[in-house]
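After this come two complexes, each holding subunit A, first together with subunit B and then together with subunit C.
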Partner chain A sequence: MKRSIYVNTNGRLSRKDNTIYLESETYGKKPIPVNNIQEIFLFGEVDLNTKAINFLAQNNITLHVFNYYGYYTGSFYPREHLPSGFLLVKQVEKYKDNEERLKVAKEFINSASHNILKNVKYYSNRKEGLDEYVKKIEAERENIKDVKNINELMGIEGRIRNIYYSAFEIIIDGKYDFKNRTMNPPDNPINAMISFGNSMMYSSVLSEIYNTQLNPTISYLHEPGERRFSLSLDISEIFKPIIIDRIIFTLINQRMIREEHFDQDLSMCYLNDKGRLIFEKEFDEKLKTIIKHPKLNKSVSYKRLIRLECYKLIKHIIDEEEYEGLKMWW
Partner chain B sequence: MDLITGTEINYYFVCKHKLWLFTHGINMEHNSDYVDIGKSLHENSFQREDKEILLDGRVKIDFIKNQLEIHETKKSKAIEEATKYQVLYYIYYLKMKGVDKVTGVIHYMDNHSKEEISLSEENENEIKEIIEEIYKIKLMNKPPTKVQSKICTKCSYYELCFS
Partner chain C sequence: MYTLIVYDVEEKKVAKVNKFLKTYLNWVQNSVFEGELTDAQLNRIISWIKAHLDLEIDSVMIYTARSEKWLSKKIIGVEKNSTNNIL
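And then the complex of A and B:
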């Protein structure tokens, strides 16, 4: 599997011959083996020129840029390297047909909420008081199949998320004061981690989409254009509970992340350099985690599961198989 | 209609599902370094001064002996047949281009045997029919059924097909 590179130092990315080098004060000049990497996350302050960017594009590498606070700025998504005009047309058709669009969107929420529920249930075996949250989420999930439009679906999604977030307090033993999810900007450590994690998730999904014929701008649950690559938002919904939320629970419960890993600025809170490194490491490890895939009859990484999700969507779009989103089976 | 490529002839025999995906632009990333033999053939336009052209590292066309060689390891009956018809298609194609009396040889590397191939009238009709069939598959709105055989685990579409 191709690797992800996380650049946390300040420095310069440059191309020399057939290699990309990262030059930094801390580590000197180090080559990055391009044939082996899928994406680069830039967190430090990094200079790069068109020569380097062209080279990344040639090697089909996506580049994700984050600002000083760890906020996602955007991605360099190179020219499509696996285009299929046929699939693009079909992907649009599925969006334009309301019923078809709703079908796919429902399956995203259905799978995402299944995975949310799985998390809450996992902790309800260990902690008191989560059963009522399980029941509430189950009740909301019941309604998914009956919704008539995307708005109603988004309503359910919002309510499930609220119930889920209020369960966080119990899951993390009230270690942090976490009442409401605020995004812009996050105002407490939990929100800071959710925001950061979700953008990591979004970027990783985007890199996977890039390696398929799917067009990242045409989405089903989110409105196309809500963010430029809105299909990435759609698919992220399924993986956020499996990857990001689990990371957050682990980091807090095992005291791997602590107050000192956050910086508080006026009304905003963000992971500092140290905190971000801890998160990144967990993230990278999580994506490398291997599990046995029952249908493929072989082991795949979590990261590969994202690609498989894209494949399933492709099969749906070409009318080969109805899309069935990933529901944690482990 | 587009020209049929050797790869398409090959996939027609191996798996029609694969053929459909391939012809609809649904490719797997870094599909090894499998260059489309048919495409290279067209691009090289059979310049006679090229005594030997090695296409895709697999097909050797030697114009002195008017022979086309493919080196192949035996994998399965289906793949063997696919290779044979791929060679027959090249011979047919060259004939259409006015390069006559080309023959082919498939060298099986695993047991050092070889198979000589020439285009009979019967083959020629078969090839024409196959081309028609391929056009039909290309026009299908969705893919034909999967072969679901043991070759699948080695196919680059395996994860797409069975995810």
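And then the complex of A and C:
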């Protein structure tokens, strides 16, 4: 499996000897095997020239850039290497037809909320007072199938998330205050981790989409906007509870991340360099976790599950097999 | 699979082999490489070696393990180049 490279140091990425070199003070000149890279995350101050970018594009490597605060800035998405006009037309057709679009969007929310529920249920076996949240989420989920339009669906999604987030304090034993989700900027450690995690998730999904024929700008749940890859937001919904939220619970409950790993100011809070490293490590491990896939009858990693999700979506779009989102079975 | 490649070739070919292997594996020490490879990638490496080296004189050894887990590694002294992907 190709690896993700996370660059946290300051330095320079360059092409040399037909591979990518990272030059930095901490590592000196370090060659990175180019044939084994799927994507590169840049967190440090890194210089790049066109020669390096051309080389990355040649090797179909996506590059994700984050700013000083670990905020997602953008991606270098090389020229499509698997373009398919046929699929693009079909993908748009599915979007144009309101009913078809709603069907796909509902399935995204359905799976996402199933995974959310699974998380809460997992902890309700260990911690007191979560049963009430389970019931509330189950009640909201009932409404998904009767939804008439996307706005209503988004409403349900928002309500489920609110209930879910209010269960966070119990799951993490009240180690941090967490009342509600704030973004731009996040105001407490939990929000900081959710924001950071979601942007990592978003860019990983984008890299997987890049390796399929799907067009990342045409989405179903989120309105396909300009200047953003909204299909990757759609697919991320399914994986956020499975990957990001679980990481956050582990990091906090096992005391791997502590107050000193955050930069806190009056009304904002960010993961600092050390905290980010811990999170990245956990994220990388998580994506490498292998589970048995009952349908394929073989072992797959979480990362592979993202790709499989794209394939299932393609099958749905070309009317081969009805799309059924990933529902955590483990 | 997790692969370890060690080579001992004629001096003028050393740099050439080194450059090639660097595109697939992590360079851990002089003439020692390790990393995760797919079957296809390993086959590509083997055929490159067969095509570019003199099989009468040069020697390349390839060790494979099903996963990094099945290989224990102990470093004594300096770790010259880590195989880490979080830099």
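Just so we're on the same page, the second predicted complex is superposed on the first by the 326 of 330 C-alpha atoms of A that agree within 3 Å, B and C clash if a C-alpha of one lies under 4 Å from a C-alpha of the other, contacts with A are read in each partner's own complex, and residues count from 1 in each chain.
Just so it is clear, contacts are C-beta pairs under 8 Å (C-beta built on N, C-alpha and C of every residue); 3 or more make two chains touch, one makes a residue touch a chain.
Remember, it's a predicted structure, so these values are computed and weren't measured experimentally.
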Subunit B versus subunit C as contact partner of A:Ser84, first or second or both or neither: first
Partner chain in contact with A:Leu22 - subunit B first, subunit C second, else both or neither: second
Contacts of A:Lys240 with subunit B and subunit C, given as first, second, both or neither: neither
First, second, both or neither for A:Ser4, with subunit B first and subunit C second: second
First, second, both or neither for A:Glu280, with subunit B first and subunit C second: second
Contacts of A:Ile318 with subunit B and subunit C, given as first, second, both or neither: first
Subunit A positions touched by subunit B in one structure and by subunit C in the second: none
Complex contacts: residues of subunit A adjacent to subunit C: 1, 3-9, 17-19, 22, 24, 26-27, 30-31, 33-36, 277, 280-281, 284
Subunit A partner contacts - residues on subunit B that touch it in the complex: 24-27, 29, 141-143, 158-160, 162-163
Residues of subunit A that touch subunit B when the two form their complex: 60, 81-87, 211-213, 293, 295-296, 304, 307-308, 311-312, 314-315, 318-320
Complex contacts: residues of subunit C adjacent to subunit A: 19, 22-27, 35-37, 41, 81, 85-87
